[in-house]
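We just call them A, B, C and D in the order they show up, numbering each chain from 1.
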């Protein structure tokens, strides 16, 4: 997705932050590259693949201008994945980067940032360039080599976001409204909204 | 641990069962070999290692006389690992074997079966022979080859439990009261009770 | 395969031994359980799966009465997998158990032990009980839990070989005469002999 | 290593090429980014880590301007890792990219390209920018995320090689003249030449 056509990322709608002394925002992070990892604490693919990869991104690139953010976007089992449960989860899994709790939607199960970002489920990775534009949007697994390459391309751009990072638009197919093969897809009806 | 000196397994104290139409008990399972896998849904080592191994045991040995049982023995974060949360966890992780919720203790954080079985934390694997005796008791990781061997030895015994399955008493060292290296150890004070 | 119908293992035809100060033979190993791992040094599935598993068998069971033996049964590229090449391979991969070089066949590419054992390719695992009978015969991958169980059952038998270790006769399908999916199958014509 | 100080890669000294219809050279590849993977067919770390990673690089980046080259740089067991043996190895492991056999040295065990490139052993990864300069030089394991990032940075540069890909100069420590922990280090005396 090249710069000219890449959409601006909508601002995050956050109920609560973890692992940061003050609230963050995408607008305040302009000038940095942001890796937004959307997950659910009871999503098997997030626990086995997505979150460990986000930790590796944090480890490799945090000193080079990348801000890794977790986004806890709950689409089912809301009552058992609230902030108190997430607190215990973050503690036990030793997650080191800031994590935002996606604000619950007013008229359905989908939280607000997830809907605004048009995520298809969890885990999802969204890469945002220094200019605030969405340059990669991936649902499901993406291998470390491609993730490392995509981040490096965005880090190599200056704030005016010149060149394109290639077309990273492949997405894992997932049809149902539940978790399978490691990823938790949204129900069809949610996507039609 | 040979048969002569192996202790009888205390009966499970169960608050609630999952994945079974009626309550189970160790006494009713006499004559079968039982693999009891104690876990917590927010214990990283249980999710990455213990529960997948329990599923493999179920897949390989269920047709040969082994009963795999999960035992959800919560030692911290009790308020977010209750039966409702466990219901969602079992659903998302597709756990196929019966799972007992360990009954909360009356005077401390340790649940009753965990204390009676003298478990040191989660994940723990307890193998019980056809005569109801504890023949393997392991805290932490144990590789599949050793687990497969230990189960096969017990399955090869008749109900009178003649020969010994060897001495499988090694335990992972773990001192603190939190999770590390994939296993969640009990606090020292809990072990002194 | 139960004891009554299990065939006696034919004696190995060996060109040369490695990692042993004197030649071994199956007849001299009667009374012990033998795990025979047939491999080729340039077979990818042997290097990534079979040989590491044989090393784990050696590590777990060598002190309990199991003799692990490697059998280098070359079916193609003979000129570059001779004893000199194998010497370097054994050294670099730190293989710790005795390894026999299968004796070349007089009228075709298949070596003599491989033909006598009716192996379908490499890697193959053959488990021989204390009485010298073949009780498991597997071409391709077999998981550690099943391998550990099969070995333990044979170790639990006395020399008269009473009980059966179950029916472990599944085999990986492989049709061509080359390596794929990690296993190297014999050409069809070789199997017809 | 930034462009200003990065040394020009010496031309490869090649005894024979595989997987290419005509000989290649670094000078003829100017304008492309080159990933040179030095390996030995009997080096365990090359087989388990380095070559699979080179294949992933080829798969991910071949269509984006990266040329992956294998370099078979034999430092011991020369007599069993000759071109005939390598032919069988390349066939069985299905290696898809061009592979050069490093030209034997005239006065010692080290082949000529390895010495000119000052490699410390196998596996080694050398990344060469569009201008022919060595920008990453790594002995031992390097994770996929860092490799993907380093390649992407070089691909993002134009032929004049403007910006720096960061300092990727860490190297695995290895002292002896043999293989350990998956990597095969050169003997000390070889490095002193």
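Some notes on this structure:
Everything below uses one rule, namely that a residue touches a chain if its C-beta (ideal position, glycine included) is under 8 Å from a C-beta of that chain, and two chains touch if they have at least 3 such contacts.
This structure is a prediction, so every number in the text was calculated from the model and none was measured.
In terms of the stated touch criterion, chain A and chain D have no partners in common. For the pair chain B and chain D, the distance between mean C-alpha positions equals 49 Å.
With centres defined as mean CA coordinates, chain D is found 36 Å away from chain C. Annotation for chain B: no residues touch 2 or more other chains. Chain contacts in this assembly form a single closed ring in which each chain touches exactly two others.
Against chain A, the residues of chain D that register as touching in their complex are 56-57, 60-61, 64, 143-153, 156, 163, 166. Contact residues of chain C toward chain D in the complex are 42-44, 47-48, 76-77, 79-82, 84-85, 87-89, 92-93, 179, 184.
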